[in-house]
Amino acid sequence: MTPKVGIVGYRGYSGAELVRLLERHPSVQPVLLDHRSEDGARSPIRDSNPPVRLPCSPETITNEGLVIVFLATSPEVSMDLAPAMLHAGACVVDLSGAFRLGNPETYSAWYHETHSQPAFLADAVYGLPEYFRGRIPAARLLSNPGCYPTAANLAIAPLVQAGVVDRSAGIVCDAKSGVSGAGRKPSLKTSFCEVTENFSAYNILRHRHVPEVLMVSHLEEREFSFTAHLLPIDRGILETIYFRATGVERAEDLLAIYEKRYSAEPFIRLYEPGHSPDLRAVARTNFCDIGVTFDARSGRAVVVAAIDNLVKGAAGQAIQNMNLMLGLPETEGLL
Amino acid sequence: MTPKVGIVGYRGYSGAELVRLLERHPSVQPVLLDHRSEDGARSPIRDSNPPVRLPCSPETITNEGLVIVFLATSPEVSMDLAPAMLHAGACVVDLSGAFRLGNPETYSAWYHETHSQPAFLADAVYGLPEYFRGRIPAARLLSNPGCYPTAANLAIAPLVQAGVVDRSAGIVCDAKSGVSGAGRKPSLKTSFCEVTENFSAYNILRHRHVPEVLMVSHLEEREFSFTAHLLPIDRGILETIYFRATGVERAEDLLAIYEKRYSAEPFIRLYEPGHSPDLRAVARTNFCDIGVTFDARSGRAVVVAAIDNLVKGAAGQAIQNMNLMLGLPETEGLL
Amino acid sequence: MTPKVGIVGYRGYSGAELVRLLERHPSVQPVLLDHRSEDGARSPIRDSNPPVRLPCSPETITNEGLVIVFLATSPEVSMDLAPAMLHAGACVVDLSGAFRLGNPETYSAWYHETHSQPAFLADAVYGLPEYFRGRIPAARLLSNPGCYPTAANLAIAPLVQAGVVDRSAGIVCDAKSGVSGAGRKPSLKTSFCEVTENFSAYNILRHRHVPEVLMVSHLEEREFSFTAHLLPIDRGILETIYFRATGVERAEDLLAIYEKRYSAEPFIRLYEPGHSPDLRAVARTNFCDIGVTFDARSGRAVVVAAIDNLVKGAAGQAIQNMNLMLGLPETEGLL
Amino acid sequence: MTPKVGIVGYRGYSGAELVRLLERHPSVQPVLLDHRSEDGARSPIRDSNPPVRLPCSPETITNEGLVIVFLATSPEVSMDLAPAMLHAGACVVDLSGAFRLGNPETYSAWYHETHSQPAFLADAVYGLPEYFRGRIPAARLLSNPGCYPTAANLAIAPLVQAGVVDRSAGIVCDAKSGVSGAGRKPSLKTSFCEVTENFSAYNILRHRHVPEVLMVSHLEEREFSFTAHLLPIDRGILETIYFRATGVERAEDLLAIYEKRYSAEPFIRLYEPGHSPDLRAVARTNFCDIGVTFDARSGRAVVVAAIDNLVKGAAGQAIQNMNLMLGLPETEGLL
């Protein structure tokens, strides 16, 4: 029997992307869980297969036999809902930042509020399959990575592990994201007239996604400079990463590190030296594309990494995690 | 009598911006010089003041008494035209890269072709008024700075001069530009369908504008990492600049360096610490806006600089230089 | 002494455009009137001439000697504020729809609420200078036209007056507007991710701007089909108007009607037959550009009219009216 | 064995969309046919399944056993290639306008050049499945409809057939298209800086797609006014259609006509009265969405139809036709 999976927050951009991807997933059946009254979307009257909608409650989950519930909600709502969902017997895949950081102190330092469910932090599994694939199948509370850290860690961690980063000079990650990363709630900052023909930096050096990079890539905060920018596009994240390489002679040496680390990874694509991805290459896909540039005389290196923030940066990676949790092929519904 | 100034390349984006700005300049009269047959633009029949159009030749310049000729052309065309213009008695303001670098070797290294007029390089004046104002009034061949270096030098040079940059760690300049910076000639790279909802890096670590920054800010190439990116907007450049500061305790210390250096500058605007400019703030203006962020614990600093690439990055700065060359108020026609 | 003019609603898109245009107007001094606490905008600390800001009250107007107050507010707020402003001795230029329609019944029919100040409707002057120039200088309450009707009436009224429209077949006006026409208040409909790469019709056959066209162009509702559309751009309105022409043999005959009617108009520009304006041609200007196409065999005609919705469609036209009210040259500050 | 299908012009926007859709089609194997040297696209080195590429020649088609060749080329190239392809034994699905109009005179009148292969016009089948489904399976030369006429005919033909259109007043079709409809060849008109924040009408009353509407919807040219517009978006066509309805009392009556005509159609979606589609609803789908508005007092009706110009307007409809020609389920690979 096809397992049922629930989605809370299906009207938001990440939630809607989850619905879009799960509707064509061959091995699960999506159910929309109504957390609160959500505004209706116009839809054609001939749309013959309206999705099942249910109230969001532990009873629903128990009665309907939902095996996994996706929380595409704010950290506050995720902290409210996750314990009851787990108690009702469902596994939880949380797309918010609520359970990503291992302890409540780090959470408070970056989210500027007290964590209301600290007891759940220790057992939450950080769902970056390329790094924590072994722990994901047994996870009951899976914390889906942030969009910026997904690209950053996939680009940076292999280099740090290989020991080619001159950490004394630090790593710069200049990150640019489409507007959907800011969520669907209307605000002046994401209004069309404010964004079109504009571009700006925000959260300079203090974005709440930074600790996820420190945690996975094993960096100190003083070694990692991160600035987020708002692109006048719907979706996509491109990060331009600068560092000084040691023990490296050619761009091919850097590429070889990635080749070795990611040879079996289905969602990492590498570019030949001198080439780098654009956002069009990854739009609506679960790929993370990576390109390398290197100046041999000075040791300066630049890595460009690109993902779709709503897919590999949110809903797609959540489904990749779901596949692992359900014992399905990791790429099912994602290629 | 109002001095006449000629414009070659008035159909290109920089040239058209020159025409737009010069038409409302109170103290000069613009004349369009037809270098070659240019495609006509549709215009309303009631547009009552069509600009004067003349063939582009030394005779024209002599007969019409043009005191300055703007070359909004490619480096190749500028090298072709500048000598004859100068010989005919006009001063030249060249918006191309032809005469920006002080010697033909540097030109060849970055432009990948031999300089055809090396004899003119020594006397060309680099027209960044904030740094070379004293030499501009007497210039006969004025070389207008590149768009990227204008923002980069205005942001970086004061810091290097003040000695607060840890040069061993290097400076990263992550630059993003609107599409008009690529010129008006149609190409697949600047086609609407390729650019919209897209974003990409290009000329990573090897953009031809780099040597202008090394020259003005007195940096070594190995100290300066520059990557250009293409924004899906018409106009604007935003540069995010990363470095480690020494001898600095607070963001206000960095701001004070700028305040001191630029207190008398009419086209530099500074932001309070924690704030930084967006492109909307500088669109269609000759301003360069600068904002500073600083992490006192680690010494990491980020400077964001924004200009309109067609104004302070091209036509506006060219008029600022013209004003200085003609003894007019420096801001005339630009506020 | 330079007369002072007040602006209520200066944070909205029309109000901000008023401020932008009035700041460079040589003959008036703008004063911002704070109707309620408005969100602050980031601005550079070097912005040396912050505008004067005052509370919005009749006392302010009396004490400060404001001769005109612009209301860039909603109809509800305009109905609240206009009577007190007038009582305090200022003339009012209202950019809302509150006082455009001559009687409260028409207002109720199209705005779906009762008019709270019906006594002021009779004396309000509809400020389309090309049609009501004679009445504007003496106006105390000037009602600035809607953006869509400005383009529509300037295109349609001369044709109806000349008797060349086959009214039995009706006139179709297919109108497209940039997002700034919807105002600055954040909403899902004007969020970047909802608008970019999208396009839609709204208020089909029942837009509240329709009665302004019926009133000025002397049409019956059944003769005029109007649909508004939302363009994924910041500013600009383009209307494509279809009708069957009688007594016309060539496109030039239609053009001649416009030429005759608008020969002395400073803000109307006409195109040669076969050409029509795009929005770029009118952006940031007070012009209304008009082009004509005609099929002689069938009598079908198409007129394309373009304006900037924030300038000729709002703030620019308001200043044009102000100039007339103050006895200034009509084009002052607008060319 | 999976039938092989060839694609000529796979670098163009319609051709690339064909490749994208055919790569995930379960029942055919796409082969790229190189008509001439085409510019390479950057692609990641890990893209493990590069498509088969072959020279474009009758020998290729014979040897490789291609059963269908798609021509995503200009009319001129299609006229050159189609006869040889047919002679070599392949069926041809031509996406150009070369074979859409039944006789060479009509072609000359609208395409302004002589048809070089008039002998093939009589047997070419016009591939609008909703109207010519019966003839498509036996077609050897299938002419895929134009993008504008696809939406226009699906919206207009049922109304004309039902006799509810007051033809004396005429039908207005105001059509707006994304830039991909203009093809991939770089030109100033489709350059980013010319299109962004802009909007314009083109080919007013004389677009070459008009005769396809006259042919399918059985209209006279004098009854049908069509204007195309260029939207600053990548993909999508929205058409706003105006007419006077006779014998109709409510919007539901118009909707009922569509319901009856399209009850079995898999790719037509209808909206409730008062609602109409936007382009987001049909992006990257093969649907044509239709909404109806009606003013009972005056009989004025507006129909809004939306498609993705590259899918239902080109590649998707071509695959729909291919499915019918190969005896596959009509929706295969398209849902």
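We call the chains A, B, C and D, going by the order they appear; numbering starts again at 1 in every chain.
As a working rule, a contact is a pair of C-beta atoms (placed from the backbone, for glycine too) under 8 Å apart; a residue touches a chain by one contact, two chains touch by 3 or more.
Only a predicted model underlies this, so the values are computations on that prediction, with no experimental measurement involved.
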Shared interface partners, meaning chains that touch chain C and chain D: A, B
Repeat of the B-C interface, chosen from C-D, B-D or A-D (over half of contact pairs identical by residue number): A-D
Centre distance in Å when chain A and chain C are each reduced to the mean of their C-alpha atoms: 46
CA centroid of chain A to CA centroid of chain D, Å: 37
Chain centre separation (chain A, chain B; CA means) in Å: 39
Chain A: positions in contact with at least two other chains: 194, 196-197, 232-234, 277
Of all residues in chain A, those that touch chain B in their complex: 168-170, 172, 174, 176, 194, 196-201, 204-206, 221-222, 225, 227, 229, 231-236, 238, 240, 242, 244, 276-280, 283, 293, 295, 297-300, 302, 304
Chain D - residues contacting chain A, complex: 42-47, 196-197, 268-272, 275, 277, 281, 289
Sites on chain A touched by chain C in the complex: 13, 39, 178-180, 184, 186-188, 190-197, 232-234
